[in-house]
Each structure stands twice: as structure tokens, then as C-alpha cells.
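Both complexes below contain chain A, partnered by chain B and then by chain C.
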Partner chain A sequence: MLTVDAIDTFYGEFQALEGISLKVEKGQTVIVVGPNGAGKSTLLKTILGLQKPRKGSIRFQGEEITGAPAHKVVERGISMVPEGGRVFPDLSVQDNLRVGSYNPVARPKAQTQMEQIFDLFPILSDRKKQAAGSLSGGERQMLAIARSLMSCPKLIMLDEPSLGLAPLVVNMVFDFIQKMKAEGYAILLVEQNANKALKVADYAYLVESGKLIYEGDRDSFDQNPYIKTAYLGL
Partner chain B sequence: MLEQLLMAFINGILLGGVLALLAFGLNLIFGVVKIIHMAYGQFVMLGFYFIYYFYTAWHLPLLVAMAGGIIVMGLLGMLVQLLIINPLLDAPRLNQLLALASLIIVLENLAQVVWGADYRGIPISMPIIQFGDIFIRSSYLLAFLGAIATLGILYLFLHKTYFGLAIRSVAQDVEMARGMGINPKVIYYITLAAGGALTGVVAAFFIPIYTVHPHFGASFTLMAFVIVVFGGMGNLLGGFISAFIIGVVTSITAVLASTEVADILALVMFILMMMVRPQGILGAKA
Partner chain C sequence: MKRNSTTSKLIMGGVLLVIAAAPLFAESEYLIHIGTLILLWAFVSTAWAYMARFGLVSLGHGVFLGIGAYIPVLLFNYYGISPWLGMLAGVIAAVIIAAILGYACFRFGLIGDYFALVTLAMAEVVSLAIVACREITGGSLGCTLKASEGWADLQFDDKRYFYYIIFAFLLLALYIWRRIDKSRMRLALTAIEESELAAASMGVSVIRFKMGITLLSAGLTAMGGVLYAQYVTYINPGTISGVGVSLSTCFKAILGGMFNIFGPLAGSAIMVSLEEYFRVSFDTGFLGVSEVIFGIVLLVMIIFLPRGIVGSISKWLNKRFDAARS
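Up next is the complex of A and B:
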């Protein structure tokens, strides 16, 4: 479904990604684990078209999307849940969801989609008129996830959804990812919390300093001695 | 004296409404594109000339001439986006500011070449309305009501349409807005078109009040800028409130002292605000 082939991404002279390749198949949940500053966020931004790669190619559903602007990529069915539940603080909860359905493919379905989301997240329904900036960290993360569903995506990318949240809320977030997975969405999840992320993963990549260090299915990833000590704390 | 003060207060409110409309476009452009449209008052001047031209040279009915002026100014707004702002989007702030400040000179000289240095206007006599001892010029009242109505329409546009929603998202977080599938370039064009059309609307309301000359716009650029910064740059509600404060204060001071003192007072208030609360009335702390 998504094929990333040997991409390099730079910020000015600083190289954030070096020859990263990965694949997400239909209905699969793929995780990218790595420390802070490894380039995980840059990877997602490059796929979405917020950053242009200098080299390499990105294909989605058989079509080349390398260097395409984000609004084209979103339209094709990729959405992102940004780090820290980055919602629009001065927009109401409802308006945040509506922005999610901005692309022409999603717009006609916005109303029904929003009703489904309010069924799924009653807390957002209760607060729909409230400014998103007044929500708690967990609620904001929920809103960011809900917003990403509004664009009718086929692939959802999540950037550190557990960051800065209380353990109980982290569990809620991962329960929700599990639910999305069950509904058949393809998921690309970037996490520092490798223990949690591995539980939902079909396939995993390890990235350090912008480079791919290791990849494998859940079991082999789990058993790798380096990953065990450095990332799983075993 | 009391009637005079009351009258000044009412005139201040009426003026405030028009100033609010004037400042709105500048504020919107800053909020969304993060650029200070230095030639904003000069756009009002051009709008005035276009309406004047359509009315006197093409003999169009006044309302049609006004609509024409508004449309032309909207298109000119987009042209500024295309020729000046787009190429400088990632340039240092100072370069953007200087480029748009140069536009002031270009537009003023262009107006002088095309229409000459004479004062021009469309003579329209509008009645003065009397309530007891209070006299109100209906041209001011009309401008006020028109400004408030226009602001109402803009509010609905920003809050009830997808384009309005996109404009507000881009203003808050342009990267995230792109991540939602919004193309900011399109939003910038819409914003500059709306800002340009607004200068046409302001010019239309100014027709019965003023005559125009090539340097007509300078004081409005300054006024709009003062109001926007006073209210908090990019904060539309702040700009609205500060327009009325500036309108009332200058109007009352003009009665108590003179219009010159009123202008001085407005700018002194502005300078004090910059010292005490540089983010303006409702602006967020930088």
C-alpha cells in the first residue's frame, strides 16, 4: 500500500533522514521505534508531503507521491495525527473535526462521519462547542485522532500518540489504535514507547539518527537483544 | 457643551465602525499570511479613484461603479499576492516590509500619473439628521451601518464556510493546516482578495464623505496600523474594540481641543500601549 524507498530528507544542511525504506501493507499496523530526534516525525512529514525528500521515492497505492504537496497526499487517503495532539487551539472541537474533512473527497461525508465520531468519542460530543485549547492533553489527543478519521483515510500515521500522557490515558489511546486496526485501517505508528507500540504491531522498524537500524515482524523484533535492552527495558 | 460631547461620542462610534472595517482587512492579512500590507491605505485611495473613474468616465450608475471598484480592488489584492508576497513568502521580514512599503510609492505615483494631483470626488449631498439638539451626518451613519453589516458578513464567512474555516486554521498553524489537506497558497489568494475588496468597500463608504488625491491613503495606512497593533496583531476582536476606542477618543478630543491634538493623543496612546502592553489589548504574549 505504502512503499517508501531510500529517502533522504534535509533541513537546510542538516540531514534528518538517510536512505530510509519501509512498507505498510493494507490493513497492517507498522511501527517505527527510535529515540527522540531520530527523525521519526520527519519521516511522517515527508510521507505526508510537509517536507520534500531530496532523494528516494514514495508510492501510495501504486502511485508516485514523492514530493507531492500535502493537500494532494491527504486527498489520496493518508492522514496524520501530529505529535502532542497538535489541534487548532482557538477553533472549537467541532471546527477542528470539520477541518479534518476539508479535502474534496471527505467533505460530502463530513456530517455522517462527525456523527459516527461523536458516538465513538462521547467526550468530544459533550465539548463540541468548546475551544480545543481548553481540552486536557488526553482529550486533545483523542480529538487529533478523531480529526484524522474525518479525512476518510486509508492509512493513518500517528506521531508519538502516548507522549506526555498519564498511563491510564495512554492505555485508552492504544485501545483506540487497536479498534482502528480492527476496522481495517492501515496504521503507521511512530513511538518511543516501544513496549506499548509492539503490542499492536504487525511489523516493526528501528530508526536511530535518521538511519534504519533493524526491521522485522513483532516476534523477531521482540527477541533482538539490542532492542530488548535499549528499548524494551528487559 | 454636554450636547457637543454627546455628539462627539456618537460621531466617534460612527467613525469607529468605519475604522473597524478599515483595520479588519489589514488585520486579516497579517493574521493569515503573516505579512504587513504597508500599502493598505493606498489601496483605499485606489479604490476611491476606480469608483470615481467608473462613475465619471464610463457613466456607470454609482452603485455599479462602487461594485466595479470593489471587484477591481479584490483582483489587485490577488495581484499583490502573486507579484510581491508569493516570491517573498520565505524572505526575511524586513524584505517583505520594504517591498510592500515601496508599493506605497508606486501606487501614489501611479495615481498621480493617471489622475493628476487634483482633489477629485463625486458630489453627493446627503442630509443631516436631527435628534433634539444632536445632529448626525447621514453619510457617517450610512458608512457606520454599512461597515457593521460588512463585518457581520465577514464573520459569517469566517465561521460558516469551509474557506473561512481554512482561513482560521492557516492563521493558527499553517503546517498543521497543510497536514489537513489545505493548500495555503489558495488561502493566501482568498485572503488578499478579501482584503483588497474590503478597501473597495471602505472607499465606497468614503465617497460621500471625502474627496480623493494621490496621498489620500497615507493617513489611513497609519490609522489602520495603529488600530491593528493597539488591538493585538492578528486578533480580529481586538482590532474591532480598538477601532472604537480610537474613534471615540479622537472624536471627543477634536471637540475639546482640535483634530491635530486628537491625532497626537491617538499616537501617544499607541506609544504608551507599546511600552506597557506591547502585544496589544487582546494579543497573545509573544
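Up next is the complex of A and C:
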């Protein structure tokens, strides 16, 4: 479904990604783990078209999307939940969701999509008129995920969804990711919390300072001695 | 909510009615002149607030005022081209400059203070360019519009004509404001202001929306420049382009409240009236007194009433309504 092939991304002279390749198949949950500053967020931004890769190619559903602007990529069916959720604090919950269905593909379905989302997240339905800035941290992350569903994506990319949340809320977020997986969405999840992320993963990549270090399915990750000590704390 | 919006519609209608009827009761030409200036600056600072209320604070709208003022005047003086066509030319030129400037800023992600600084520099560039083209523009001595009369040349002896023409332009600007409020553009621009990254990841085309509002604002501001030149019939780089007029445009909107549709109008009414008052009462005895006072008032406003006068009043009224209902 998504094929990233040997991309290099630079910020000015600084190389953030070096020859990264990865694949997400339909309905699969793929995770990318790695320390802070490894280039995980840059990877997602490059896929979405917010950063242009200097080399390599990105294909989604058989079509080339390398260097396409973000709004075109979203139209094709990729959405992203940015780090920290980044809900729009002054807009109401409802308006936040509306912004999610801005692209012309999703716009006609906005109403039905919103109803489905309110079924899925009843808390948001109760607060739909409330400014997003008044929600709790967990609710904001819910809203951020819900908002990304509004664009009718086929692939959802999540950037550190557990960042800064209380352990109980983190569990809630991961329950949600499970739920989305069950609904058939393909998921690309970037996380520092490797323990949690591996539990939902079908396939995993390890990135360190912009390079791919290791890849494998959940079991091979669990058993790799380096990953065990460095990332899983076992 | 319902009650609030009916009330605000009534207030809105009342204000516009008063403005429309005012010349019928004005005793002197002078008062009509002041009224015309108020409406003119209200039009310009409303156009400025289109951008500013979404966080695109431009300190360089003098660029568009200057272009809008000079192009039609020069076309008319040298070639006898009607100021209506001149207005078209001026607006197109302003929009092109805005497009170049806007694209350069937005493409490279210049936001907030940095954007403001670039626009501030641009205001000075255009002002200096006008001075430098001395042979054509008259340099810093300014340039007088050739006298004429009638609709084709957009010059009238009777001040009432200008009053109502400029009022019509102000109505247009207010109407567009309302349309923006009801459109997807408002949501998109609010989202962009709050987080460009999040808006972009939702598929909102950040550059396109920012360009849209910038070009709209620049085009209307240029129209304001045209109207100024036709009304005052004398233009000068110091008064209609450059940093001074750019900043006083912002002051008016901020004073009245740039988030409220009537804020720039209220701000212009207050500032133009006070400027006149100071000018008349201090004459040349204390030049610059109005700038000093406005500077202090602005500082106080930004710290204590960031929503401006109209914005603060309407917020207070809303609270009263909510309290009365519960």
C-alpha cells in the first residue's frame, strides 16, 4: 500500500534521513521506534509531503507521491496525527472535526463521517460545542485522532500519540489504535514507547540517527538482544 | 446565542443607518469631510484586519495604499486615463506585488513577527521607490491630481459624493468580511493560525488560503489608496505609502478591535476625530502630540484590551446576556 524507497531528507545542510525504506501493507499496523531526534517525525512529514526528500521515492497505492504537496497526499487517503495532537484550541470540537474533512474527497461525506466519529468517541459528542482548548490532554489526543479520521484516510500516521499523557490515558489511546486496526485502517505509528507500540504492531522498524538499524515482525523485535536492553528495558 | 445575533444585527443596521443619514443633518462641509475620512480609513483598516485577525499582521499596507494612490493619478495626469481604469490597474499591480511578497513569505514559512518585519521593510522600499522616481512621481514633494469633474473622472466638488462612494466601498468590505465568516475560509485560516503543521496534515492547503486572504486584503487596500487620491487630490509618499500610514492603519484596527467586524470602523472614527481635535486645539504649538498620545494608548490597549474597544464591549455584553439567561 505504502512503499517508501531509500529516501534522504535534509533540513538545509543537516541530513535527517538517510536511505530509509519501509512498507505498510493494507490493514497492517507498522511501527517505527527509535530515540528522540532519530528522524521519526521527519519520516512522517516526508511521507505527507511537508518535507521534500532529496532522493528516493514514495508510492501510495501504486502511485508516485514523492514531493506532492500535503493537501494532495491527504486527498489520496493518508492522514497524520501530529505530535502532541495539535488540536485547534480556539475552535470548537465540531469545527476541529470539520477542518479534518477539508479535502474535496472527504467533504461530501463530512456529515456521515462526523456521526460515525461521535458514535466512536461519545465524549467528543458531549463536548462538540466546547472549545478544544478546554479539553483534557487525553480528550485532545482523542480529538486529534478523530480529526484525522475525518479526511476518510486509508492510512493513518500517528506521531508519538502517547507523548505527555498519563499512563491510564496512554492505555486508552492504544485501545483506540487497536479499534482502528480492527476497522481495517492501515496504521503507521511512530513511538518512543516501544513496549506499548510493539503490542499493536504487525511489523516494526528501528531508526537511529536517520538510519534504519533493524526491521522485523513483533517476535523478532522482542527477541533481539540489543532492542531488548536499549528499548524494551528487559 | 440567537438573541445575541439578533441584537448584533440590530446594532449593525442602526450604525449603518446613522452613517447613511448623517450627511443630511451635517451642518458644515467640514463635518462631512471628517466623516469621509473616517469612512475611508475604516475601509482601509477593515481590509487590513482581514489578514490580521488570522494572525497575518502586516506592518506594510502602505505598500498597497501607495501603489493604489500613485498608479491611477499618474495614468490620469500623463495619459488622461479614467481613474476607474486606473483603479483596476492599481489593484492589479497591488495584487501582483502582494502575490510575490506573500508567496516568498509563506513558501519559506515566515510567520508572526518575521512576517511583520518583512512587510514593514517593504513599506519603506515602496516609499523610497516613489521618491527615487522623482521625474515621474514628483518625489517627496508629492503629486497633485489634475482637476476635473464628474463620474468618468471620479472627482466631485460636492463632498457628499465622496462620502457616499466611500461608504459604498466600506459596505463592500463589511459584506466580504461577513462572507468570509460564513465560508470555509474562516475555519481554514483559524486552523492555520493555530497550527500550520496540523492544518497542513488535515489537507488544508496552507499557502493557498494565506495567499487568498492576502491578495484580497491587498486589492481592497489599493482601492482605498485610489479613493484617497481622488478625494484629497494630492498624494505624497510620506502620507500615503511608507511606514507611517502603514502603522496608523494597524492602530485604527487594533484600537477598535480587529476581531470584530465593526472594530476598524470604530477605531477609525475615534482616531480621525481625535487627530482633528488635537490638530485644531494645539495647532502647530505641539506637533506630534497625537502620535505621542496614540502610542501610549496603543500600548495600554494591547496589554489590557487586546480585543480592542468594540471587541471588549461585545465580550462584556455577551457575558451579561449569558448571566441574564442562567
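Heads up, the rule we're going with is that the second predicted complex is superposed on the first by the 234 of 234 C-alpha atoms of A that agree within 3 Å, B and C clash if a C-alpha of one lies under 4 Å from a C-alpha of the other, contacts with A are read in each partner's own complex, and residues count from 1 in each chain.
Everything that follows uses one rule, which is that contacts are C-beta pairs under 8 Å (C-beta built on N, C-alpha and C of every residue); 3 or more make two chains touch, one makes a residue touch a chain.
Predicted model, so just to flag it, every value in this text is computed and none were measured.
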* Asked: Are chain B and chain C a fit on chain A, or do they clash, once the structures share the same frame?
  -> clash
* Which of the two partners, first being chain B and second being chain C, lies in contact with A:91: first, second, both, or neither? -> both
* Asked: Looking at the overlay, does A:109 come into contact with chain B only (first), chain C only (second), both, or neither?
  -> neither
* Touched partner set for A:50, first chain B, second chain C, both or neither -> both
* Structure fact -> chain A contact set shared between chain B and chain C covers 48, 50, 69-71, 74-75, 80, 82, 86-91, 95, 98-100, 102-103, 106, 147, 151
* Asked: Okay, in this complex, where on chain A does chain C touch?
  -> 48, 50, 69-71, 74-75, 79-82, 86-91, 95, 98-100, 102-103, 106, 144, 147-148, 150-151
* Asked: Within the complex, which stretch of chain C touches chain A?
  -> 184, 187-188, 190-191, 194-195, 197-205, 208
* **chain B-facing residues of chain A, complex** => 48-50, 69-71, 74-75, 80, 82, 86-91, 95, 98-100, 102-103, 106-107, 147, 151
* Asked: Which of the residues in chain B come into contact with chain A in the complex?
  -> 162, 165-166, 168-169, 172-173, 175-183
